Every structure is written in C-alpha cells, then in structure tokens.
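The structures come next, written out as structure tokens.
Below are two complexes that have chain A in common, paired first with chain B and then with chain C.
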Partner chain A sequence: MNLAPLAANLRVISALSARSIKQAFRRPQFLAPVLIFPSLFLAVNTGGAGRAVEIPGFPEVHGFLDFQLAGSMMQATMLAGVSGGIALALDIEMGFIDRLFAAPIARSAMVLGRLAATGLLGLLAGVWFLGIGLIFGARIEAGVPGVLLILVLATLAATAFGGIGAALALRAGRASVVQGIFPLVFVILFLSSAFFPGELLLEPARSISTWNPLSFIADGLRQPVISAISLNEVGKCLGGIAIVGGAGWLLSAAALRARLKAA
Partner chain B sequence: MSTVHVSAPGAGAVGSPLAMLAVMMRRALNEIIRVPGAAIPGVLAPTIFMLGLTSVFGSLTQLPGFTTDSYMSFLIPVSLLQSAAFTGAATGVNLARDIEQGWFDRLLVSPAPRPILLAATVLSASLRSLMPMTMLLIVGLALGVRFPGADGLALAIVLAAAFAAVAATWGCTLALRFRTQSAAPLMQASMFMAVLFTTSYAPQDLLTGWLHDVARLNPVTQVLEAVRQGFVGEVSWADTWPGLAALAALAVVLSALALRGMKRNTD
Partner chain C sequence: MATSVAGAGFSSRRSQVRSLSAVAAIETHRLERRFDDVTAVAGIDLAVAEGEIYAFLGPNGAGKTTTVRMLTTLLRPTGGRANVAGHDVVADPASVRRAIGVALQEAALDPLMTGTELMRLQATLHGIPKAEGRRKAAALLERVGLIQAAERRVGTYSGGMRRRLDLATALVHEPRVLFLDEPTTGLDPVSRMTIWEEVRKLNDEGTTVFLTTQYLEEADHLADRVGIIDEGVMAAEGTPKSLKAEVGRPHLELSLAQGAAPQAADIVARFGKLLPAKDGAVFVQLEGGAAEVAPIVRALDDAGLAVESLDLVQPSLDDVFAIKTGHHLEGADNEPAADAVAVAP
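The block that comes next holds the complex of A and B.
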C-alpha cells in the first residue's frame, strides 16, 4: 500500500492548520470573540442568575458557575467555528483559495486544515473556561479524567462547528455573510440546554431543546463538571457532534464542488 | 459622501448653529436611508436577545422577591438600553471610519464649533436608536409585555434615546483616542458591560457575588430602573430622578472627554 499520498496530504493539512492558528493569534479580532465575549456572558449569567439553583427542579450542583461553564464552552466553540468561517471567507476574498485550487493538493485538505485549527481553538476555549471556573471556585466532580474528557469533547465540538462555518464561507465567499450568522449562534444556543436546565426553559424553547443536538453536546460537556462521567451522556454528546459535524462536512463538500465548478 | 456647506457668519441660514446641527445630523442619518440593510443586524440582535434570554431565564420569576411574574416585561428595558448602547457604539465606529478616511479632518478645519460637531453625531444616534426600539416594543407588546401606560412608554423611549446619545459620546471618545475602526470591539464590549453589569437579569436583592456590588455602583442601573418602572409597576418621580441624574452626569463627563479628544486632534 502506497502511503506517500496520505503523508503528503497530512503535511498539507498540518501546514494550512499552522497558518490558520498563526492567523488567529496575529489578528485579535478572530480570537477575542471566541474567549472574551463568552467570558463576559459567563460573568453576567453567573452574577445575575446565580440564585437560579434555588428554583425547584434545578439539578443538584455545587454552584451556578459550575452549571454555566458548559454553556460558555459551547458558545466559545461555536464562535470558533464562525471565526474559522470568516477567516476562510477572507482567504477566498483575497484569492488565497484560488491559488490553492491551482496547486496539486487534495481539495479536502483545504477545509481540513482550517478545521484542525478550529479544533485547536476549541481546545484552547476548553482550557480557558476550565481555568476560569477553577479560579472562581467551580469544582470538576469527575476529576482529571473529567477534565481530559471535556477537552476532547470541546475540541471535537469546535471542529464540527467549524464545518458549518467552512460550508457558509465556501458557499458565500464573503466574510460579511459569515459574520452575519453571529446572532444565529445565540438563537440556536438559547433554544438548547446550554445555559439553563432544559426542563426549566420556557416554551417553545423547552420542547425544541429536547431534540436540539446542541443540548446533547452541552449536557455532555456539563456532566463531568457537575457529576461523575456518564457513558450515556458521552454517547449522546458524541452523537450531537456527529450530527453537526456530518451536516457541516456534507454542506462543505457540496459548496466546495459548486465553487470548483464555477472556477 | 455629502458635503456640508458652512457659510460665513451672517451670510446664510446654514451658518447658524441649529442649521449646522441639522445638516450634520442629516448626513449621519444618510447611511440608514442609503444602506438600509446595514441597520438590520442592529435592529434584530436586541430582539433576539430579549426573546432568547426570556426563554432561558424566564423561570427566575419563581424566586421569592422577584418583582414581576413576566420575565419579558422585566427584560425589555434591558433590551431597549442594549439597542441604544449598540447604536451608540456603531456611531463611534462610523466616526472612526470618518477619521480614517480623512473626512473628519476636513470637518475640524471648518468654522463649525466643536460642540456642534459632537452634538450632531451623538444626537443622530438618539434618532437611529428609535428603529430597534420600535421593533422591540412591537414584538414585546405583541408577546404579552405589560403595557407601561403612555407616561411609562414615553419615559422609557426618551431615556433610552438619551442613553444612545451617551453611548455615542463614549464611542466618539474612543474613536478620537484610537482613530481606527479596530477599536470597535472595545466600544461594543464596554457598552455590553455597562448595560448588563446592572440589575439586568434580576432585582438588586437577588443578584449574587461581585455583580451585587457592581450593579449598585454602576450608574446605568439607575437609568435601567427608571426605564423599567412602567413595565413592572407604576411610574413615579422617586424612581425617575435618579435615572435622569445618572444620564446627566454621564453626559457631562463623557462630553468633556470627547471634546478634549477633539481638541487633542486639532492641536
């Protein structure tokens, strides 16, 4: 079996991923929304709705901050996906992607390189919010294995959301269009159990949250913080990530084909 | 780009301060008329936040001591101020763009007094903020927000529009300091904090930790409570004057900072 093409593809993915990461760190406008905005939201939610733990039916938790960490990680990983999409759209606007089209590399490597970088941003977001949580008194009930599990899930979730961002960027080819979905991130999150227990949401959010894949992902990220690791929750979380990631991959592939046909 | 014709004193109507103010405001409002699509995110975002946060945190009204059983009625004043704040931040970004493109330098060498230039910019923000506020009120009242009465509604709109002017003054101060649109996240984030680090989610007694103290010291809390009173109870002078005083104090301090920034830009 000839492994040379695979190794070459991995080298391309790794080089494009490294470029994307450098881009994110050199341009604070890509990184700041991923970490700063969810951190501010976490601060407001925790201080403003901290007494929510006293509402009948609220799950047994050490504190409201513990409950909110998963929501902030979700928000950050989704914004990492949007940021990755904006960066890809800027590459299209500046002609960088056209040059890659002309290069002898696999088309999928262009998207995978960006997704790998978005996954790393998700990992960074996981470390950031777990760090904030521990500094301000949260407890990770599942201990070190729980921390590792959260980091893996956050990385996978960001990669999946990156697929949706990439699909939008490839379809629209304009950063302003991808930027325009920013409010949509909040709409989808508000309709999930990311920030509050699903059974305490008001209708219609309560009903929608029961089948929103983001609820599965949020609950999976939350479980190791507020309780022991549950294989059932991990399975549902991976299922949610697979739904989002699968949709992103299919849409990206279709958008890439359409762009190649138009080129 | 429109041109402002400022004639010599006494030579025509445009030379009067009010006429200059009107021409400058008209220019600032042109963007809405010429690029209406650009206003859509600013109109939709506060409405989405109001609906979303109501769905998420609506059960907070079950807490003993919560002042209303309708969370959307409690939250709509926050969204009104949020829309005003983001309109103000956008005004700062627009000024930064004018500075980058050299348009503002041309205004500074015109005979128009500095306070007129600043007043036109920030008052246009007040007018622009009426768009998202109208949308919010229509959606909110249609979905069951308590009608605050004619006096409560008028008070809420006037205070929120005045807050848009204050937010725009802050945006202008930052634009004059940094002279680049890259300062936009700073303008937006500071406004986000100013509005939400208040009694935005729950009454003062139900806030926890650091937010309990910050909300008490944040002057925007007084503005928010004045806007909110009609939506959760009766309008009273006792709940109104602290909001007016806070707005006046913010306007004086921030205007002084913005005018200082203008002076620094011309020295």
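The block that comes next holds the complex of A and C.
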C-alpha cells in the first residue's frame, strides 16, 4: 500500500493547521471571545445563580461552579467553531482560498487543516476552564483520568463545531454571515442541559433538551467533574459529537462541492 | 539544460526551448465561460508556445481574468476546452496545478503571515520536502529583493513588495508555465520595471509566461506575442511588431512658430500624406519611416521655418486595438508617446 500520498496529505493538513493556529493567536479579537466571553458568563452565572443547586431535583454537586463548567466549555468550543468559520470566510474574501485551490492538494485538506486548529482551540478552552474551575474551588471528582477525558471530549467537540462553521463559511463566503450566527449559538445552547439540568427545564425546552445532541455533549463534559466517569455518558457524549460532526462534515462537503462547481 | 542549437547563434535558453519544442504550453479551443445570461469569454482560440511570453491585452471587463481563472483551474469552462502544459484543465486539473505558477490580480496573501512563512507554506502545498522548501524560500526572497523584510508580516508590505512576494510564491516549485494576472496594476514605475526585469529573467530561464494586462507599454515591451481581447472575443493576435505594421505607418508631429504652419504644410506635403492637426502644428504620415525625418527637417530649415518641437509617433497597440474593436483601450491616452524627440528652437 502506497502511503506516500497520505503522508503528503498529512503534511499539508499539518501546515494549514499550523497557519490557522498562528492566525488565531495573531488575531486576538477572534480568540478573545472564545475564552473571555464564556468566562464572564461563568462568573455572572455562578455569582448570581449559585443557589440554584438548592432546587429540588438538582443533581448532587459540590457547587454550582462544578455544574456550570461544562456549559462554559460548550460555549467556548462552539465559539471556537464559529471563529474557525470566520477565519475560513476571511480566507475566501481575501482570495487566499484561490491560492489553495490552485495548488495540487486534496480539497478536503483545506477544511481538515482548519478543523485541526479549531480542535486545538477546544483543547485550550478545556484547559482554561478546568484551570479556572480549580482556582475558584471546583472539584474534579474523576481525578486525573477525568481531566484527560474532558480535554479529549472538548477537543473533539470543538472539531465537530468547526465543521459547522466551515460549512457556513464555504456556503456564504462572507465573514459577516458566519459572524451573524453568533446569537444563534446562545439560543441552541440554552435549549440544552449545558447551563441547567434538562429535567428542570419547562416545556417545550425540556423536550428539545432531551433530544438535543448538545445536551449529550454537555452531560459528557460534566460527568467527570461531578462524579465518576460513566461509560454510558461518555458513549452518549461521543454520539452527540458524532451527530454534530457528521452534520458538519456533510454540510462542509456539500458546500465545498457547490463552491467548486460554481467556480 | 537544453543544448545550444548549432548554427543558430541563440544565446538564451528561452530561444533554445522554443526552437526545440513545438508543443504548445497553453492551447484553447473555443474556450467559453458564461455566468447566467452574461458571456464573459465567448469561445476563444489561442496557442502559446513553450518558452514564450504571451500578453493578453484588453480593457477592464474584457474577459482576461476569467480566461486566466479557467486556464489555472479556478473556474470551470462552460464550453470548449483548454490544455495547459499538456493536460486538460477539466479532465486532469491536478496535473495542471503541479505544472503552473499563479500570481492573481488580487495578490492572495495572508496579511498575518510573514514572507518566510508564506513561502514555506507554498513549498509544502507543492510537496517540496521541508529542508528544500526552506532553502528555496530563502533563495526566492533574496531574488525578489525581500530578504530584509522576510520576517515581517505581509500586512506591513507595500503594494510593490506584495507583488514581488506573490511572484516569488508562484515560482517556488519551478513551474513550467507562469500565469500573471495584471502583475503591475497599481504599481509605481520603479516597481513595475522590477517586475518586468524579473519576468524577462524567468523567461530566459525557460519559463513560459502568460500575462494579462491593460497596459499597452507592458505588452509592447515584454511580450513575444500579444492577444487582444475585447468583450470576451479575441480581436487580434500576433507579435507587437506585426500587429502595429498591420495598421499603418509612423507619423511626424511638428509644432511650428506662429504663422508658419501653412507654409510648412506645403513643404511637408511633398514627403507624405498630411493628417488632421491642431492649429500651429503639422502632422504627416511617413511612408518610409524614421529615415524621412531628416529630409523634412532640412527642407523646413532651408525655407527658414523654425520648428519648435517634433515627435515621431509610431503606431501603437492602442491604434491596433482601436482599429480591431472600434474603440480605444482605457487609459491608453495617459501613456507617454513612444520615441518623442524634442528639438530646441
């Protein structure tokens, strides 16, 4: 089996990924929202609604911060996906994408390179919020294995959301359009168990939350913080990531095909 | 390296490549591109030989960039076919991409990257191993005069620097065919000359160059052959010399002291056909070319008529464009006339 083409492809993906990561850090106005905004939201939520843990039916937690960390990580990983989409749209707007299209590389490498960078931002978000949590008194019940599991899941989740961002960018070709979905991120997230237990939501939010893949991801990120690792929750979390990632991949592939066809 | 052609006396590799190879580097047959109801390129046929510099001349909106985008596989033709470096742009785009270098009209440079980073990325995109890519990147940055600015972000570069960097990125994999889409638009004269020199050097090294331009001077000075496109249609094609020879002879424009023009016109009419001129000036077409200038000046001098200035005006590509398309190329009037000769009173 000739592995040379695969090796070459991986080199290209790695180079494009490195470029995307450098871009993110050289453009702090795009990186800041991924970390700063969810951090502020976390501070306001835990500071203002800390007594929510006393509501009957609220899961057994060490503190409200422990419960909220997953929601913040979800927010950050979704914003990382949006940020990656904006960066890709800017590449299209300034014509950099033509440089890639004119090169003898696999078309998928352009998207995969961007997704790899988004995944890395997800990892960074995981480290950031676990760090904040530990500094402000959260307890990771599952210990070091739990921390590692959360970081893996955050990375995968960000990659999956990156696919959605990439699909939007390839379809619209304009950063302003991708940026416009930012408010929608909040709406979708609030219709899940990211910030509040799904069982305690009112209808129809409760029903939507039950079937929302974001709930599976949020619960998976939360489980190692508030209790021991549950393979069932890990499985559901990976299922949620697969649903989002699969949708992102299909939409990205279709958008890329449409863009190449229209070109 | 190609061996020299015995007895031909060619000194450049470009000439050697051209003489040894009859294969077209670029070939199109009824190439067409439609966008909904608009036909941007309406079935053009062209052939560019290996080692040639071919200039595609036309005004804004003529179809130049659309043609380049089809030839560089960035745009799919809606009709006809095109081969670049022996590969069909639709059936085998990957092979085309391996053989070509592209510097587009809008320099597609990431302002957040440094020159070095961009060069190295480009090397990676073309499958060049890491160490070799680093070496080539440094060598090309040196070649285009950007080595001092290599570690600065592209966003800090001037327009001329960006163009040079864009050119360098197009060369990292030593392409057989180089596409330059309006490479000097918006540049100052010095930067333009720098780009021209580099294009000539590349061509001397054997690279086929296909460049689009709206500047007559650029096509005239650089190109072996010129293709004139207007409203998506090929209006004319040939060497600059042959195209200009098709449309006429040079003419002489004389400015004379007040009141001398009528008498001068009578004298000058013996040497050629008088052309319409403004007051105080006499224009005459020269059938014999520049050789007739001296006898005219002597005749006017013998008659005691003072010539304030004279210009020998050669037919220009704009004249060719005007005759072939019915209108002048935009901005042609802003370009300085060739071969101006000032005579002191």
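The working rule: the second predicted complex is superposed on the first by the 263 of 263 C-alpha atoms of A that agree within 3 Å, B and C clash if a C-alpha of one lies under 4 Å from a C-alpha of the other, contacts with A are read in each partner's own complex, and residues count from 1 in each chain.
Just so it is clear, a contact is a pair of C-beta atoms (placed from the backbone, for glycine too) under 8 Å apart; a residue touches a chain by one contact, two chains touch by 3 or more.
Just so you know, these numbers come straight off a predicted model, no measurement behind them.
Q: Applying the document's definition of touching, compare chain B and chain C: which contacts more of chain A?
A: Partner touching more chain A residues in the overlay: B.
Q: Which partner does A:201 contact after superposing on A: first (chain B), second (chain C), both, neither?
A: first
Q: Considering only touches as defined above, state whether A:144 meets chain B (first), chain C (second), both or neither.
A: neither
Q: For A:3, is the partner it touches chain B (first), chain C (second), both, or none of the two (neither)?
A: So A:3 meets neither chain B nor chain C here.
Q: Tell me which partner A:40 touches in the superposition: chain B (first), chain C (second), both or neither.
A: First partner only.
Q: With the two complexes superposed on chain A, say which partner A:183 touches: chain B (first), chain C (second), both, or neither.
A: first
Q: Touching A:231 in the superposition: chain B (first), chain C (second), both, neither?
A: A:231: touches no partner chain.
Q: Using the superposition on A, tell me which residues of chain A are in contact with chain B and, in the other complex, with chain C.
A: Chain A residues touching both partners: none found.
Q: Touching residues of chain B toward chain A in the complex: what are they?
A: These residues of chain B touch chain A: 41, 44-45, 48-49, 51-60, 62-63, 71, 182, 185, 189, 192-193, 196-197, 200-202, 206-212, 214.
Q: Per the contact definition, I'd like the list of chain A residues that touch chain B in the complex.
A: So the residues of chain A in touch with chain B come to 29, 32-33, 36-37, 40, 43-52, 54-56, 64, 180, 182-183, 186-187, 189-191, 195-196, 200-202, 204-205.
Q: Applying the document's contact rule, which stretches of chain A touch chain C when the two form their complex?
A: Within the complex, chain A touches chain C at residues 8, 11-12, 15-16, 19, 22-23, 26-27, 91, 94-105, 261, 263.
Q: Touching chain A in the complex: which residues of chain C?
A: 69, 72-76, 94, 97-98, 100, 102, 104, 106-113, 117, 120-122, 124-127, 153, 169
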